[in-house]
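Please see the structure below; I have some questions.
In order of appearance the chains are A, B, C and D, and numbering begins at 1 in each one.
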Amino acid sequence: MSLTERRYVITLGCPDRTGIVAHIASFLAEWGGWIVEAGYHTDPDTGWFFTRQEVRADSLPFGIEELRERFAKVATQLDERADWRVSDTEQRRRVVILVSKEGHCLHDLLGRIGSGELDVDLRAVIGNHPDLGPITEAHGIPFHHVPFPQGTDPHGTDPQAKEAAFGRIRELVDGQAPDAIVLAKFMRVLPPELCRAWQDRALNIHHSFLPSFAGARPYHQAYQRGVKLVGATCHYVTADLDAGPIIEQDVTRVDHTDSVSDMVRKGRDIEKIVLARGLRAHLEDRVLVHDQRTVVF
Amino acid sequence: MSLTERRYVITLGCPDRTGIVAHIASFLAEWGGWIVEAGYHTDPDTGWFFTRQEVRADSLPFGIEELRERFAKVATQLDERADWRVSDTEQRRRVVILVSKEGHCLHDLLGRIGSGELDVDLRAVIGNHPDLGPITEAHGIPFHHVPFPQGTDPHGTDPQAKEAAFGRIRELVDGQAPDAIVLAKFMRVLPPELCRAWQDRALNIHHSFLPSFAGARPYHQAYQRGVKLVGATCHYVTADLDAGPIIEQDVTRVDHTDSVSDMVRKGRDIEKIVLARGLRAHLEDRVLVHDQRTVVF
Amino acid sequence: MSLTERRYVITLGCPDRTGIVAHIASFLAEWGGWIVEAGYHTDPDTGWFFTRQEVRADSLPFGIEELRERFAKVATQLDERADWRVSDTEQRRRVVILVSKEGHCLHDLLGRIGSGELDVDLRAVIGNHPDLGPITEAHGIPFHHVPFPQGTDPHGTDPQAKEAAFGRIRELVDGQAPDAIVLAKFMRVLPPELCRAWQDRALNIHHSFLPSFAGARPYHQAYQRGVKLVGATCHYVTADLDAGPIIEQDVTRVDHTDSVSDMVRKGRDIEKIVLARGLRAHLEDRVLVHDQRTVVF
Amino acid sequence: MSLTERRYVITLGCPDRTGIVAHIASFLAEWGGWIVEAGYHTDPDTGWFFTRQEVRADSLPFGIEELRERFAKVATQLDERADWRVSDTEQRRRVVILVSKEGHCLHDLLGRIGSGELDVDLRAVIGNHPDLGPITEAHGIPFHHVPFPQGTDPHGTDPQAKEAAFGRIRELVDGQAPDAIVLAKFMRVLPPELCRAWQDRALNIHHSFLPSFAGARPYHQAYQRGVKLVGATCHYVTADLDAGPIIEQDVTRVDHTDSVSDMVRKGRDIEKIVLARGLRAHLEDRVLVHDQRTVVF
């Protein structure tokens, strides 16, 4: 995104051993591949090796399909458990956003897309309330309203109606084959099968510095505890609520003069930034997940 | 803004002496005034005293006009040089925004207004380019395009045409009697007479941590100097370019991997937040100016 | 501390009602009291009012004893539940520090005291290990080694010996009548009776951004969870472990390249600063506690 | 430093071209070299390539001298302008500190060394005032007092006496062959010949966020300008005052309640941290300089 020249991005994770860097670098050098950016990391706990490399597309004598074929052999030689991916920066990433009523994250993402900062293909916004339809459509983006049954708890009380609503959402999302599904204050817990189906593609923004104040009403919890900072966390969605791999976090200072609604307001600025940073890192293939933790190159 | 009950906000600056707090507090107590928030400060250099107080409107037996009349006497008794103001939180603030082509700050402010976070009466957006008209109008806000003559320098080369353009802008702005004129990446230097006319009402966002990198292309300057943080500054506009009283500043970390365009992108998040914080403080009458410096209660 | 002229500091907490500010300010004005700094706050949840005021000592016609007598009447008139205190900035604060083996916080405090930044009367350092004796004594401060019985758990296994050790510590501490007892990485849980005896005087530094990672080995917990920031918390010690009123917190960024020992190192810089800030606020009577939360003026 | 196993650190800078990474990685792989940490960067402006690699010493079949001989050939093959270095993490770095009267940075460094956090061989502290001798010697470090002639300006008025004093300092410093010469609030401008002799080895801490407030009394300048953040900068010393390559910077928030002396106090915490971070990065060979800017791996 916002790159001046076309690049291929290679990411790979595998058990660490001597010579991995040399193996990959030699493969690229053999074909004249010009590495513009490279990151390497080994997790000392798990012994897992991670790398991400950006190669100038015009430095290679073949296209991405042949690069994939050739790199597949390199990766297999390294380790049969190698988990790798090759992508093209000229391929615009497809995104779907899920929202509820609260609009600050959606407004922020639409503004970033509208101003050209975030160069993605936003396929659709799906809301369980109709409130954010007009602003979405003013940006020329399709909006789908999928109502959920009302109940006394935030997760609804009519299991069948809820299941149907999630089924409809899944259909709408999967129809777009998105690279990222963004829960931008969606305020509903995804059912386990959707967490699995969208693994490492569904990003949530949680309005606390996790693991503090997981669950409901984190700003109220923060106020009661009298903390001096409030934060936000962007993480991959997993079936274990608010416990998915953390991509990005940040905090902002509060003090005794801040009411809960002041905390909410200050926290929103952090939520927007943390979500935007996390989404950008995800879409640039900078986030590698292993053992419930992320490496963000 | 976002206050639960109606309040009157009293701000006052005057030479410091014993008994000011008692004088004001006794006046309020006499009429049953319930002080909900109060700030006091004395600048040791200039010996100038500053205060800002929020009083519950329903605790006083009279309305804002009578409060103003009565407080005028209190202020005069304190010091004839006293500079004071009484405002009403239920009176929505009137705002006009000036823009050029770059939209991130406008998108951000429109999003804050649209989501209800910033409860202001945005009267108009004026652009010296037409680019940001559609998004403005999508939010239901009037947009005025006031073209400037093209020249080789950023300030234009046809003095008469430029003067005419600024005349048109002044007409459009003053016709709305705004509480704040926001230069949201307006990218043009206001003529001295507009600086004077809009003194302490015109807010600019500068894309550096002033006084570093005043003037043009601050991110390029920052890149060349190799700084490890970039920032933004919200300040009142004065005839002395980029030297007006600072309302708010913040920074974000950069490193050697960040190109100028990465710095621009990271800096924009800081610009948006710094401008939004500065504007909020201004509209809530939290910013008192004296001797080219601000007190922000 | 580091004040240019002598001041009396008045702090008061009581149920909020109209006229408190006027009442106190009028009392001070009547005697010519020059308020140099004043803070006011009302907690909307509990309806509790807090104030802290600094008055120039030379502006009053009497000394601190008479000020205390006269203010006692003012406070009683306000509310019989009023909780107040009057102190003198020329009265150096007495401090005792408790340590174990880890020296970074002690080194930092000794450095601040040695360089004159923190102008306190450090009466003694007490260690449950002898390691930090030499550096303490090099600064001319008495060091007391109070060994604890060794056990398989961090809290020791010989209840009687432990009780005796805490008895000895209490004797050494209480003999100095300190304004602050600082647990600078003391690494032991105070028994409930000491928590009570030293209520609102004993400050602990916890090496996490509480309530995240309360309890043992917070950096290991943080590493396992993959958080992107680590922090520290300075709080008053209560019988409820790591749950006392929070005085100050801060965080610093970490990423996947940081091992647990890197987090420990980066976190230590935050621990030192957070403890120093918290201690300064406490000693300047800036921290008012009510209902397990603090107001820090 | 604080590494669990011995490592060799290779740094190299040279004009960028295809295959550098492969060339170095293949050389290491050929000998079984296990790369534990690797950083790569190319400056798009200057086309200069930078790398830093940590290799487990026990993975290579030869010692550091042979590694240097062999790597010299690799580097020459890459480019005759290549600027490289191979170091050994078990070789403790030699440090000399220059001070004046102000002790906070020295106290901080002594504390970090004393607590084992900074594992360096501090050879000597040299002061142009005797004040910091006792604390230095209490840590078992030799202290040398080199008095400077008194004058009306901070740089002294007797050129010959000043030259003699700097001659004595150079003698004391060079006698230790230090890896780092730390100006920890030395408050004197090094003569150009010392800047040259100690190029890329002399680190200064400046008490402002450069380039803001270069020169004298930065906190007074910051106060006058009314900035909302104050900062500190660690940079290499060059003959161009306060303009050397920046290694690290940070800031802390101030507001209108902060006097100049409050800014000084808050700024000191930033100075200490920024200097400690910069020194650590320098000693771990993480800082590569090219064209007046740094890459900090």
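Criterion: a residue touches a chain if its C-beta (ideal position, glycine included) is under 8 Å from a C-beta of that chain, and two chains touch if they have at least 3 such contacts.
All figures in this text were calculated on a predicted structure; none of them were measured in a lab.
*Asks:* By mean C-alpha position, what chain is farthest away from chain B?
*Replies:* Relative to chain B, the chain whose C-alpha centre sits farthest away is D.
*Asks:* Go ahead and note the Å separation of the Cα centroids belonging to chain A and chain D.
*Replies:* The computed centroid separation for chain A versus chain D comes out at 38 Å.
*Asks:* Distance-wise, how many Å sit between the C-alpha centres of chain B and chain D, to the nearest whole number?
*Replies:* The separation of the two C-alpha centroids amounts to 41 Å.
*Asks:* Can you list the chain A residues in contact with two or more other chains?
*Replies:* Counting only residues that touch two or more other chains, chain A contributes 37, 257.
*Asks:* May I ask you to sort the chain touch graph into line, ring, star, complete or other?
*Replies:* complete
*Asks:* Could you pull out which chain C residues touch chain A in their complex?
*Replies:* 41, 43-44, 50, 209-213, 225-229, 231, 245-246, 248-251, 255-257, 259, 292-296
*Asks:* Within their complex, state which residues of chain B touch chain C.
*Replies:* Residues of chain B touching chain C: 18-19, 21-23, 25-26, 28-30, 32-38, 40-42, 59, 253.
*Asks:* Which residues, counting only chain D, touch chain C once they are in their complex?
*Replies:* By the definition above, chain D touches chain C via 2, 37, 102-104, 107-108, 110-112, 114-115, 117, 135, 138-139, 257, 261, 265, 268-269, 273, 276.
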